[in-house]
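To keep things simple, chains are lettered A, B, C, D and E as they appear, and every chain counts its residues starting from 1.
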Amino acid sequence: MNALLWIFISALLVNNFVLSYFLGLCPFLGVSGRLETAFRLGLATLFVMLITALCSWLLNTYVLIHAPYLRIISFIVVIASTVQFIEMVIKRVSPGLFRALGIFLPLITTNCAILGLAIFATNKGYGLIEGLIYALGAGLGFTLALVLMAGLREETELAPVPRLLRGTALNLIIAGILSMAFMGFAGLFSAA
Amino acid sequence: MSTDSGLGLQSASRQGREPTSLRLILTLSLAGLLSGIIIVSVYEATLPTITAYQARMLREAVFQVLPRVTQSQRLVWRDGTLIAKDAEEKGEAAVFGGYDAGGNLVGYAIPSAGPGFQDTITLLYGYLPGSRKIVGMEVLDSRETPGLGDKIYKDAAFVGEFKDLAVDPEVRAVKRGTGSAANEVDAITGATISSKAVVRIINEGNARWLPRLDAGG
Amino acid sequence: MIALSTLFRRSFAHGVHPPDHKALTADLPTQRIPFVSHYVLPLNQHLGAPCKPVVETGQRVERGQLIGQPTAFVSTSLHSPVTGWVRDIGRRRGPDGDYRESIEIEADPFSTQRLAPSPRPDWRGMSVEALVEALPHSGIVGLGGAALPAQVKYSLRKGVRIRHLIANGAECEPYLTNDHRVMVERPETLLRGIEILQTLLGAEETIIGIEQNKPEAIATLRAHIRPDQRVRVVPLRVKYPQGDSKMMIRALLNREVPAGLHAADIGIIMNNVSTIAAIADWLEDGIPYIDRLVTVSGPGIARPANLIVPLGTPVREVLRFCGGLTEDTREVIMGGPMMGTPVASLDAPILKTSSGVLAFTAAETARPREYPCIRCGRCVEACPYFLNPSRLARLAKARMYDEMKRMNLSECVECGSCTYSCPSGIPIVQLIRTAKNNLRGRKRAVKT
Amino acid sequence: MPTSKPDAYQEFIKGLWRDNPVFAQVLGMCPMLAVTNSAVNALAMGGATFFVLVASSFLVSSLKRWIPKQVRISTYVIIIATFVTVIDYSLQALLPAIHKELGAFIPLIVVNCMILGRQESFASRHSIGLAVIDALGMAVGFLFALLALGSVREILGNGTWLGLDLFGPNFEPWVIMVLPPGGFLTLGLLLLLFSWLAERRQKLAERLAEMEVEGT
Amino acid sequence: MKRPDPKLLVQPAPLLKQPLTTSMAMRDVLIALAPATLAGVWMFGLGALLILLASIAGAVATEWVLLPDDERRAQLANGSAIVTGLLLGLTLPPALPLWMAFLGGVVSIGLGKIIWGGLGYNLFNPALVGRAFLLAAFPVAMTTWSAQTGPTGFFEVAASNLAAPFMHIDFDGVSSATPLNLMKFQHQSTALWDLMIGRTSGCIGETSGLLLILGGLFLAFRRDLDWRIPASILIAVAAFTSLLVLIDAERYPGPLFSVFSGSLLIGAFYMASDPVTSPLTPKGAWIFGTGVGLLVVLIRVFGGFPEGVMYAILLMNAATPLIDRYTQPRVFGKGLKSPRGGHE
């Protein structure tokens, strides 16, 4: 139980995918302009992460044990096709959800946070449950970082930010400060 | 932003007519085949070097934590006994037996991992079943704070604490200068959490392995 | 104990406490200013459509004679404040420096200036609809500042039953004491007007809300209310903007008028005490609205006063009557200091809405340098409508007007509490006004 | 993107500065920030990316006639993933110490938007020669950016450069620089520097143009 | 009418103005901090004073260099850079090298304020941005505490204070554990009265609990801060720690210790309540303060650091735009059932 809690907290806060591992920076900087979209992208990513955790566990357990050299290629192929498949299913089953998440799904394919999740979970040797908890923490952590960032960025739009800084430079510095703030979570529950 | 400019979703209308599905599948299969060939050949070419390197690193680590050892053997716990097993299997924990030149068992190198200050700390420590002592510790992997937490492997004094450490009743980390008992480790000033994490990871390793080693050794 | 009772007086939430400065004029009886030679009467002294002149240049007019008639439902009449001749009909500078179509009248210096009798309607047995028909002929507008033609409030939606009539005697703007003088000097007229309106509307009760810094008005009115009249005087906490109709209703009846609706929609009609007195003058004596009660005050005025001023009198003449401006005067305001407008020229005429003429010196007009908003939240705690002025101002500066609309920009009544309380000296109300104008302009552009 | 008369030199040079994938296009940041806590790691990551980009561009441009557009992205991904696997194993065999440092981030080259972007927008539309030159330019630009970032972080964060001790043993390192916040902050400030330089250059060019007009 | 009309001003309404300015608010903060500052200097000696001066100098110099010429005078005059520098200095350990304090001031203003567009637009507390930077950059120097010098050693400036820039610092013999360190790593409590009057080691300005409360009450009285924020922080900390004490009184620190130890009071009264970086709405203020309080206890008790006030405030700063957004009070007259189908 404690181990699972730590896996969750670690992925959510201590080793936040974006702020500590720099994963998923493209969407983090690209789609954090508006709070609504940021939140939706976060949820879509969380969803795909959970599916990816499942798939990568299946791959690890049944395929890659025999052919470890196919790791990278099989992960990326599985992620891409999963995203495509999910897209089709959502479109068929829930058009409302599709309208909400649809445009983000293709973006998620090239989100390194997803591939990173699969690779890290493999490297850490997580089982199915641990992998799912890890994905849950990572996805929620990604959403948290994205939503916080979006809130801050919407605010900076009203500010007389120096012209040369406006855009990615400022966003990176904001991310840096956020990342400093998240350092406060270091060691959280590790001694529990 | 970046993906737009990067992926450039503009349609490239080079092909005149629609290719058949068969052709699409064929193309992808060919690509897969090609990539498979490349990957497998590189894998085959590099595998011996990689395995050799990994084995050497592991051996060196074992030698590091166990003195007077010249060879080691991977051991797994199965059906109440320790058996020698070189092939790794998923989900199966192992220790390394260290033997001297005469083939006599000197001690065990026990790997253990657990949460540290920042991320998981993986370490290996040497244990002598005869005297119930830890005789060496090496951190294999960690992301502790540079300059502070990383003293768990950079600070010779701290690493030295594990050169002669009793495991009974349980290893304890105490403030520097106050520890005198055989089972006490002086924590690093300013990196108490990391020091305590190391001790806890060792205790966890002990809890998992010592009963087995004492029983099946 | 007064302080303690103040604390528990009924009021609305939020608001500000500017010093009231009413002692300068509160006890000065009203005086009639002598007639002057020229009067300028803009045709739109009220909200809605300007009235249409019914006189020609050169024509002789009597005091009280109709010179402009309403052109729409939201419009009202204009009567000559003097006996004399129409000199010109053309564009003249209004108080805020804009040019308005106006009738200029030269007073007949030898006239006795007797009021020409107007045909007055008989209010007894009148229906509310008939009242709405009659009021445009009086020229009366809401004298609390809105300048909405008086009949508009009384055109009730179908099925609405009025339970309460509220007489607004709050007079929450600092310096102004003209409503106060009406209540002190003409309680019978006011109560008569209340009786008439209460009867016509079939209202159960009338409440006169008065800020408790006017104890004389409270006492006088209480003394004059007959036991058979269902009228109460309720003292209110001294707080700006207590006179805002929705805040007044909140304070008196603890009811919230839903956004986008009017008081009448929830069965309440509220009029300023001066308006009610003017309605009584019209219905009882046939006096149209030609004289305005003006408080002349402020540190720049030699002799502050409460004056009865014929409409159209130039501010210069009003000031001259009060001994002129002091040397250090920097600003002359028409209306109250919170919502009034500074005049660009002393030639500006007194309008139906000119409740005050205030002269401010450098001490009052000095503005600290504007600093960026530090989100201290004083404006948020000041806004009686629970808006977020800090954010609205920030959005206005970034020209994000649509976002402002989402933040309920339209609910702002521009009372000025936020700007008053802002330590960074940000002209929040002005920014809000700009945004409203911009949105309005855009809507118009879409329509055409 | 395709110019009417592509000039090989121009194609190469643009990736270095004007269209620098990191500083100008802000692409491929995920692997970049994570591994640039030292110049050596930055070089290794840059080198790996260099190999993957150039090799993929070569292959894609030479195969472009046979790749149907419906499956082109999938094919590119397969090609890129193949080369990433190749470099992953090669590094593991040849430079095991560095591979241990870069660890999980080598596979992430697959999703470096910059690489896929070059295939889609350039390599698939140009001749082999141009594609390779473009890839070389971009890869060198990427390497340069990584090195710049890694150098700043290593020098301040560790007092060394490429492992060489710069300030002697008494240097007090700025640990934050090798931690995640340092990556964000350094890249942000480098971007600021880049846009400042770019603006200054543009102003200079405008001034020169004005002077020329006056001169004629 | 001999005298010409005066030149009339035409300003937009309202034409009255509350006599209150931003620089007055900043002056209030300086006044409120004065007792604790003096106490800190008295207890930790001349070195502490030098640190305060260095961090203020860093802040003011950065503002001077980075502001455009026409803004300088006005921005410096409002005193916000001095407040930032002083607040930063008060949260630094007394043995810190002066150059680090100066660097902290530079970062506070540079990354904490200027890049956001200057005063009023920064989304994180500038002093804490500077401090977080220093703590991440120089973890050892920032967590080495010296004992109080007392009046006799007032003029003895520690060698570490005067360390050369960029050079390694020798902290031999200056180490002394703070109450929070003692609690976290050795489960030792400190006498409450010592905590209240500041007879402990710690950051320069954080030790004198009672003086900090005094200044905080002054600010609350002057309405320079939203009393809800410090109130909710203290309530949350006290409530959370009481709960923990109920679970295991041996293991967890009690509420009074938690409130008076570390930088909780200076953080609650002077940093979390910084209006620029905290929510505007009353409900938001409660949420913000409660969040800070919970995070402080979470980090102190379950996290890796003995002290979490700085991180807690920075994290809640990051959440402030979101809090503000979802706690807008109901606008007057909105959201009511409109009788008889209103015409909205």
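Everything that follows uses one rule, which is that a contact is a pair of C-beta atoms (placed from the backbone, for glycine too) under 8 Å apart; a residue touches a chain by one contact, two chains touch by 3 or more.
The structure presented is a predicted model; accordingly, all values stated were derived computationally and were not measured.
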Subunit B and subunit D share contacts with A, E
Greatest Cα-centre separation from subunit C belongs to chain B
Winner on contact count, chain pair C-E
Min distance from chain CA centroid to global CA centroid: chain E
For the pair subunit C and subunit E, the C-alpha centroid-to-centroid distance in angstrom is 47
Subunit A to subunit B, mean C-alpha position gap in Å, rounds to 26
Averaging C-alpha coordinates per chain, one finds the centres of subunit C and subunit D separated by a number of Å equal to 69
Per the C-alpha centroid definition, the whole-Å distance linking subunit B and subunit C comes out as 82
Contacts with two or more other chains occur in subunit B at residues 1-3, 7, 35, 39, 42-43, 117, 145, 147-148, 193
Shared-interface residues of subunit E (touching two or more other chains) are 111, 117-118, 121, 133, 136, 139, 304
Where subunit A touches two or more other chains simultaneously, the residues are 26, 29, 69, 73, 110, 158, 165, 170, 173, 176-177, 180, 183, 186-187, 189-191
In contact, pair by pair, are chains A-B, A-C, A-D, A-E, B-D, B-E, C-E, D-E
The answer for subunit B against subunit E in the complex is residues 117, 145, 147-148, 175, 187, 189-190, 192-193
Subunit D contacts subunit E in the complex at 167, 169-172, 174-177, 179, 181-182, 185
Interface with subunit A, subunit B side, in the complex: residues 1-3, 7, 35-36, 39-40, 42-43, 90-91, 114-120, 145, 193, 196-197, 200
So, in the complex, the side of subunit E touching subunit D is made of residues 111, 133, 136-139, 141, 163, 166-169
Listed in rising order, subunit E residues that touch subunit C in their complex are 1, 3, 5-18, 20-22, 24-25, 74, 78, 117-121, 223-224, 226, 275-276, 278, 280-281, 324, 328-334, 336-340, 342-344
